[in-house]
Each structure stands twice: as C-alpha cells, then as structure tokens.
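One chain, subunit A, links the two complexes that follow: it is found with subunit B in the first and with subunit C in the second.
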Partner chain A sequence: MTFTEIITNGTFLAVLGASIAVVFAGMGSAKGVGIAGEAASGLISEEPDRFGQALILQALPGTQGIYGLLIAFMILNKIGLLSGNIAVSSLEGAALLGAALPIAVVGYFSAIAQGRVSASAIGIIAKKPEELAKGITFAAMVETFAILALLASLLIINGLTVVG
Partner chain B sequence: MIVKMSKLSIVGLMDERSAIVRRLMKLGVVQLCEISMTDEQREQILQMSQFDNAAKRIAQIDEELRKIQSSIDFLTQHAPKGKAKPSKREITFDSFVNPETYKGVWEKVFEANRLQKTLAAKKSELGSLINDHDALILWKKLELPVELKGTASTEIINGTVPPSADIDLFLKALDEIGCVFINIIASDSNQSYVSLIFHKSVSDKVNEQLRLVGFTRANFGEISGLVAENIKNLDNRISQIRQDIADISEQSEQRYNDLYEIEGLYDYIFNMRERRVVRENFLKTDKAFVVGGWTPADVAQKVKKEIEGDFTVFVDITQPEAGEETPVLLKNNRFIYPFEIITDMYSLPSSSGVDPNFVMAPFYWFFFGIMLSDGGYGALLSLLCGFAVWKLKTEKGSILDKMLKMLFFCGISTVIWGAAFGGWFGDLSLVVFGREIAPLWFNPAGDPMKLMIWAFIFGAFQLIVGMAMNAYILIRNGKWLDAVFDIGFWYVVFAGLVIMFFGGDLSYMGKYIAAAGGIGLILTQGRSEKHIVKKFLSGALSLYNITGFMSDVLSYSRLLALGLATGVIAQVINQVAVLPGGFGSIVSTIIMFVILTGGHIFNMAINTLGAYVHSSRLQYVEFFGKFYEGGGKAFAPIRAKVKYLRIKPLQLGGNNQ
Partner chain C sequence: MAKTKYKELDYTYAVARLRALENNLLEANGLEKLLSAASADEAAKHLQTIGWKGGNFEEMLQSELEGLFSLIESLGGGEFLKTQRVKYDYHNLKVLIKSELTKQNGDNLIMNLGNIGADIIKNAVINRDYRLLSEDIKSAIALAYEQYARISDAQAVDIIFDGALFHEINEYVKELPEEKIPVLIKMQIDIHNIKTFIRVRKMGKSVGFIEKVTAAGGNIPREFYIENFNAPDNQDAGVFEHTPYRKVFSQDENLELSLDNMFMEEVKATRFGAFGIAPLAAYFWMKENEIRNVRIILICKNAGISEEAIRSRLRG
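Let's look at the complex of A and B:
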C-alpha cells in the first residue's frame, strides 16, 4: 500500500478523525482541569473545608474530553469498527474526519479557557464560598461553545450515511 | 412568594435585656437591627444614650471558642477504635441556654487541653531522644569515656571523615606520622567515624592531616561516660516516654465521652456570641434600651404577645413605608421550595420584586430531566437523595435540605425522560441481556434533529414565559403601556413568524401579522429618545433584538447535546463492559460488573453535575435575563445556630435560612 493510498483510505481517515477528537479535546481538558487544579490546591492549603466546592469547579473543564470521546465513539460506531465489519469509502472517511474537527478544535481551546475561568472562580470561593453558583455560571458560559461544537459534530455524523 | 414583613420597635429595661434576647432567639423569627431614625434624630439621641459595644467581650468569647474547639479536635483524634459517633443530642431550648446545663464542662475542656499539651510535650521529647539515640548508636563501639580528651602525654580526638575524602590515603598519611592509634568505630555511606589516640609531639602534624581531609570533631553534647551506657540510658528513657504516651492516649480515649458535653458547650458559647453580636443594635441608657427589628407580618402579633406577656417591654408594630426595602423571606409550597436554592445562589428577589421560583422551578425540573435523561440514573439519584434526607434529618431551610430535595424531584423528572427516550443505564438491557427497552416517545440518538427542534420549542416557550413575567411586573407597577409596547408587540411578531412557517394556506397572513408587530416596535421602541429621527432610528434598531432572541433559543440546544452525551457515554460503558466476554465465564462476569458499576457511577456523577450546571445556566442567563432583578437581603433572624446539638425551635412561620 503506497503512502497516497493510505492517506486516502476511508478507514484511515475516519480513525484519524476519531483520534483527533479524543486527542485534542482531551489535551484541552487535561490542561484546563490542570489549571483549575493548581488554583484549587492553593485554596485547600488555606481552607481544606472547601474541597467539595473546589472539586466541582475543577471538574467543569473536564467535559470537553468526554465530548471528544463521545464523538470518537460515534465515528467508530458509524464505520463499524466496533462490530468488526469495517466498510467506509474515502469520501465518507474524509467527511467523518471533518465531523471530528468542531469538537477537536473548539474542545481544545474552550477547555483551556474554561480552566482559567474555573481557576479564577476558585478565587471567588476563597473569599465568598456562598457565591459558588456564580463561579459555576461563568465557567458554564464558556462551555456553551464546546456544546455547540459537540452538537455540530453530532449532527454531521448522524446525517452522514456510510455504505462503504 | 415573598413573605410580608412587619417592622418592630422594642423598648424595654436593661435588666431584662439578656432574657429578652434569649427569648427572641428561642422564637427564631425576629431579625434585630437599629431603630430607624434620621441623621438629625441620631445626633440628638446619641447625646442621651449610646450603642452597645460588645467587641471586647466577643473577642474573649472567640478565645474561649478556640480553646473548646482544640479540645474537640483532640478528643476526636483520639476516639477509641471502632466506636461510632452517636447521632446528635436533642435538647430543649430552655436547657440549651441555661448555664447550669454546662456545669463542670469547662473542667473537662481544660483536662482535655492539658492532656493535649502533655502529649505534645512528650512527643517532642521522644523525638529529640530518638535523634540523640540515632546520633550515638554509631559511636557504640567507642570504648573510651566521651569526655576524655587525653592523658599526660597523649591526645584523643573523635570525629568523622566525610565521604568525599579518600580514607585510605588519610590512614596512610597518619601511619607515616607514627605514634598514632587509629580506631575506625563505624562507617556508613555518609561518613566514617574515627577515634584517634596520638602522642602530643605529633599533634601539629596530625591536625594538619585532619584539616586536609575535612575531619569534623564529634560533638557529644552534655553526656559523659561510655557511649554504650548512654545508649542504654536513652533506651530506657525512650521506652519510658513511649509508655507515658500510650498512657496519655489511653486516658484521652477514656475521656472520649466528654466530647458530647464539650460539643454542647461549644454550641452554647457560640450562641452566646451570637446574642452579643446583636447587642450592637441596641440603643441604651443606664436603665432602658430600644431596638428595631423585622418579623414576618403573620407572626408579628404573636411575637408582641409573647414578649410583652413576660417582660416589662413595649413592642410597637408598624408596616414598612412604601418603597422601603425589607429583609426577604421566601415561602413556597413543598414542591417549589427546594428549587429556591437556584434563586438563592443567583440573588434573592428584592422585597418589592417578584419571587421567580414558582415559574422557574417547573422549567428547571423539566430541563434537568432532559439533560440527564436516563431512567436508571434518575431512579438512583432520587433514591440516594431521598435516603439522605431521611437519614440526615436535614433542617428545613438549610442549603443541604433544599439541594437534596431538589435533586430528589429532578431524579423523578429524569426517570420520566429516561422512559421517554428509552435510556435505562444507556442500552444496558440490550447489550447485556439482549433485550431492548423501547422508548415511550423516541430515541434521540436515532433522530437527534427531532429532539433539537423540541429543545428549541421548549426554549422559546420558556423565553416567552420570561417575557410574560416581565409584562406582569410592568403591569403590577402600573406601566401597562410599556408592557404592551415592549412585550405585546414582540408577541405579535412571534405569532406572525410562527404562522408564516407553519400556517400552510394561512402563511401569507403571518407575514402581515409579523410586519404589523414590527411596525409597532419601530414606532414605540424609541420613545425614550427626544429627537424624532432618533425615535425612529432606535425603534428600527430594536428589531435587531430578534437575533438576541434567536441566540437565546439556540442556547437550548444544550438540552439535546447533554442528553445525548449521557446516553452515548452509557453505551460506551456497556460495550466496554461486555468486551471480555459478558456472562461467558466467571472472570468476565466479574469484570463486567466492576466496569458497569464504576462506569455508570462516574457517568451519573459527571452528568448530574452537568445537568445541574447547565439547567441553572438556562435559568440565570436566558430566563432571568428576560425579567428578573435580584438584590434582596436575606431575612436573618436571631436563632439558635447549632453544630453539634439538635434543638427543636419554636417555628412561627417561614422557611428561609
């Protein structure tokens, strides 16, 4: 199989799409959760009681990684990789790769941005633990765009028909 | 519903002040504040009387609380093994505030603190003895008394050679000097422990060699005599102290039962502090005081009777003046009440505003279910929260109580939606048992566009209700024209657009209806501008707000996204769980159960958090944005606040706080 054949192979393209959905969304979430976690650890050294609140805020940027996995799973399901009967044409593979892009790219950047918002929301609960909901809302504003990207990816995959 | 408040003024005798504050605390429905007066009145009044300054006594109480807290921490750490903490002790309010209840408890606090101090001292002594022991043990083979510096003609030097030095070279050099007896006592990876005896005549040469090799003289501190004997002594002392520590720990464990009384004392002193804090609102002379307050209107007369009956006081009840902000207490039925927590976390309504909970709660409940959308998770969530409410006996009005009950109701909504979408732990029954549970409505994974459209319809409906709330508030404030212009015309536009899209033969009518609404908006939305051109310009620009409405509606697509996310991740978990072989063998069955349990718990937790967060967001940003203004201050009556005890308060009304 030549190189050109490989990169135009439908299975390869679809699997590449599934991979980048997991890789980029996961990388973003790892970074976002990390940023929030650092801030949370700083808070816990002073206020160990607020562990539960800090944990909620830290978990928020983690959803992009899950959305990435979700899209990867849907792609793999679509091409029949999980059931073992893989059948996908080049064009279909390329379309599935395209479907992975929204959640991969938006997931990556939104998770990091959300991690920063979560970190500063941890600053809110350091001073005013009763204002947790507002911090969560700020972080959720960022997540909106990850959700829209997830939705775009979902709808594209759902709309594609893969016959092989 | 916002509870109506009455304003109180209480005039009484200083002699009875403490008793009155205690009684108000027992009633638990009065928030004390300064009496209202103008700056001028204040000036005059302050010449005759003064406000109480309790700061000094409060600082003392804080110190007492710290002492009690440290004894509680100590005794908790030394709880006897296997002894579970009994549930909270019930106590009546009267014996709670009676100092007699706590007779002899302070001695127990002091005893615990004394034990704690002794234990800490013993532990630090033990640490330093162990250090000494570790330092000496390497010199164990030194058979000379450590204080011996030499004889008439010899010198003795004990010390260490660092690992960086070449010890063989060093020994050889000393050997060449002659008249040196070298005894290597011990060596470890760090250094060699060396004892030298040499004739005084070669002292200079030896010292020169010592300097070269980086020799450090041993410091034995205060001890004297043979090392081995010292080590033996240390061993004895260490075992003695270990015994002491064990004794003290045992004594502390025996004192564990003191904990309950000490905890009671903590609550008592803490509430004594609370009563001191409110004293700063009391305007007093030598003999009398006056203080203001707020209480729910429906119990005001009861409070007056209660206090006037037992004390020499006069309680005046007045209604707040128009426009005066009062503390806010919400009262809702048992279904709406738990959802107050969502509004509480945003901002309480101002006392002149509208309590949004009755419209917000149904939407919150509805949307939470769509987002979690799995019957299994919903049932589990309701069971867990219901069990927690029953087991913890949560106090009505507390955050925990509202949260658990809200999640209980939301779990029910989730079961309904789970049944509608056919999600019971994802597709567990299909994957594991090969039997599909059919959805009552439709499976959103199969037809996401259908759920998306429905999400937009639900969203648009909530936004329209939000606008209706805005109209209601405007009309309530007498601005019915604004309601017609700002909301009514938009409704006309929306109605027109809907008919245009779905009206079939009537579509052409929709166009005209929408246009009529639009013209209405152009004519009225610029009414606050002065210049006629500006009026039309801002009127025309207001049509642009339709994009804001559209983006608000689009925001509800998260109902679909989060709902699908729960279902698809649950499917992933199910498929991974059966990969090793399902019920094929015992091992694969165990692996399957482990993956299913862990996976579904994780998925449920993360998606419950997501549903909570995003359902809240839809209320805060999209719904409240249409009409709600917060800014109220919570009603904070003086009442017993207990951490360790449980008091049956005399409930007179309301459920806030």
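Let's look at the complex of A and C:
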C-alpha cells in the first residue's frame, strides 16, 4: 500500500476523524478541568467545606471530552467498525473526517475557555458561597458553543449515508 | 540562568487561595469593631480571637507582616516581593544611621524583612564598610551624612533615604514580567514624589535638594517637580492641576491620607482578576494596609485618642 493509498483510504479517514474528535476535545477538557482544579485546590486549602461546590465548577469543562467520545463512537458505528463489517468509500471517509472537525476544534478551545471561567467562578464562591448558581451560569454560557459544535457534528454524521 | 517565562495561569491556585483569605481581611466593619473596643488591650484580645498571634502589639503586628511575606513568597510572588522588601532595607538603614547620629539605640526597630540581611546592613553602617550594599544605598548614605553634618535634621535624612528607596524599587520593577503591578508601583513613586515635594517646600530647602530626593520612574517626570519647585506657596493644588492627582488637592482631608487612599482604590480595582500575579500584589497591599490600620488603632487607643480622631487617620 502506498502512502497516497493510505491517506485516501475511507476507513483511515473515518478513523482519523474519530481520533481527532477524542484527542482534541479531550485535551481541551483536560486543560480546562486542570485550570479549574488548581483554583479549586487554592480555595479548598482555606475553605475545605466548599469542596462540593468547587467540584461542580471543576467538572463543567469536562463535558467537551465526553462530546468528543460520543462523536467518535458515532463515526465508528457509522462505518461498521464496531460490528466488524467495515464498508466506507474514500469520499465517505473524508466526509466523516469533516464531521469530526466541529467538536474537535470548538471542543478544544471552549473547554479551555470554560476552565478559565470556572476558575474565576471559584473566586465567586470563595467570597460568596451562596452565589454558586451565578458562577455555574457563566461557565454554562461557554458550554453553549460546545453544544452547537456537537450538534453540527451529529447532524453531519446523521445526514451522511455510508454504503461503502 | 534564563528567566522562566511568565504564564498567568501559573497563579490560578494562588489567586483562588487569596480570594478565600480576603474574607479574613479587616475592612471597614472589622476595623470599626477594633475602634469601638474599650481599650487597646480589648482590641488586641479581639485580634487574638480572629487568629492574630503574639503576646504584645508589636509581636502581633510583626508576626502578621512576616506571615504575609512568607505567604506571598510561597505562592510564587517572590519577584514582586523584592520590590516591597526594599523599603525594609531602607527602614533598617534609616534606623541605624539615625540612631548613630542621635546616639540612641534603635535596635528594637530593626526589621528582618528586607532583601539584604539586617545584620549585613548593621555591620556595614557600624564599620562604614558599604561594599555589600547597592549603589543607591551608598550614595544615599553619603548624602545623609553630609546633610546631617550641615543642618542636624533627622527629617532630611528620612527624605533622602525615601528618595533612594523609590529609585531602587524602580530598578526591581523592570524585572517584573507583567504590566499591572508596574502601573501601581509607578503610582506609588508619584505619590512619594508628591509628598516629598510638599514636605521639602515646607522645609524651605533648595531646588538642588528636591532634585536629589525625588525618584524617577513615576508617571510625572522628575523635571516637573524641579520646574515647579519655586511656584508660590499655597499653590500646590495649582501645580498638580493637570495631573491625575488633582482630585486629592480639592478634598478637605489630609493630603497624604488622600493620596494613600487613591492608591488603595487602584489596588482594590486590581484584585478581581482570576489569573496572573497582580491579584497577589493586590492582596499584599490590602493586607499591608490592614496591618497599618491596626497599628494606628492600637497605638492611638493606647495614647487615649478619641475614636473619631483615630477613624480619620485610617487608610483605604
């Protein structure tokens, strides 16, 4: 198999799409949850009883990683990799790779941005624990764009017909 | 060693921790409680209940200040602290040189929070061997001895050292990797220069003296103070008409207090960031201001000064 044959192979392109969805959305979430976790640790070292509140805020940037996995699962299902009957043409594989891009790219950046908002929101609960809901709302605003990207990826995958 | 690159996300833990600690700062309400205490001892007892440690006032204030330095140092604010430690080097110098000139023992006023060990400064002053001290310090010492020999005025010695102090702080600021702290330190330099300008004019010194004791690096250039030094008396407000500090001259309050309050307002505006080193600096200045306010309350209460009079001296 030549290099050109590999990179135009439908299965390869679809699997690449599944991988970048998981990798980029996952990296973004790891970074976002990490940023929020550092802030949470700072708060907990002074106010250990706010652990539950801090944990909610820390978990928020983790959703992008889940969305990435979901899209990867759908792509792999679409090409029959999970059932063992792989059938996908080059063009279909390329389209599935394209379908992975929204959640991969938006997931990466939105998770980091959300981690920063969560870290800032931990500053809110450090001063006013009763205002947790407002902090969650700010972080959830960023989530909107991850959900839009997830929706785009989902619609593309659903709309594609893979016949092989 | 190459300087590590400044990343604002490196301070996320620190900022969140300080945000939690900010709740313990004695702001207006806490200070009112101290003010309304029946005596200085009562006020000190109240401080002990909220976690201040130490047997007497000085010990309590000292231990809070030392605690603040070690906290900010441990959270990665070492580079910033260098700019703030300078003033303790100069404090020690002032104490040692003034006690030598006035033949009084000031050892109990020495503070071990400077960039240079207090012992090193002490040995240098006693033995007149300044090799381990900075150029700024060396020239300030020479100028202080010269002035004192001529006019025997301890206030002039203070002003000389304060001028050199801010000059040296300005050198450390150049090493700081971010932008908000230098803006605040520029403001501190301006405030110092304005206070010096007014004091020196009252003292009837020459324009040559103001040139030596104002510090470069502020928003208002040093030339401004030199050019306006001979403006008519009682025209301070006119001199500062076109600077950002004009508003403090229109207030009835004590000028030095208004300038300090103006600085604290800027500090409080900086504290809300969630990233970077600036919130560390803001916390440092807020806590430092709290310790200063507590010191004022304890000392004034001890001296039997009325609540109202003490309140008018509090900053921030």
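Going forward, the second predicted complex is superposed on the first by the 164 of 164 C-alpha atoms of A that agree within 3 Å, B and C clash if a C-alpha of one lies under 4 Å from a C-alpha of the other, contacts with A are read in each partner's own complex, and residues count from 1 in each chain.
FYI, a residue touches a chain if its C-beta (ideal position, glycine included) is under 8 Å from a C-beta of that chain, and two chains touch if they have at least 3 such contacts.
These figures come from a predicted structure and were not determined experimentally.
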| item | value |
| --- | --- |
| When subunit B and subunit C are modelled together on subunit A, clash or fit | fit |
| First (subunit B), second (subunit C), both or neither touched by A:127 | second |
| First (subunit B), second (subunit C), both or neither touched by A:119 | second |
| Partner chain(s) touched by A:47 [first = subunit B, second = subunit C, both, neither] | second |
| Residue contacts on subunit A - larger count, subunit B or subunit C | B |
| Once both complexes are placed on the shared chain, angle at subunit A toward subunit B and subunit C, C-alpha, multiple of 10 degrees | 50 |
| Contacts of A:158 with subunit B and subunit C, given as first, second, both or neither | first |
| Where subunit B and subunit C come nearest after superposition, their Cα distance in Å | 6 |
| Overlapping contact positions on subunit A, where the subunit C interface meets the subunit B interface | none |
| Interfacial residue positions of subunit C with respect to subunit A in the complex | 9, 12-23, 272, 274-275 |
| Complex contacts: residues of subunit B adjacent to subunit A | 342, 345-346, 448-449, 452, 554-555, 557-558, 560-562, 564-565, 568-569, 571-572, 575, 606, 609-610, 613-614, 616-617, 620-621 |
| Residues of subunit A that touch subunit C when the two form their complex | 35, 38-43, 45-47, 116, 119-120, 122-123, 126-127 |
| Residues of subunit A touching subunit B in the complex | 56, 59-60, 62-63, 66-67, 69-70, 73-74, 82, 130-134, 136-137, 139-141, 143-144, 147-148, 150-151, 154-155, 158 |
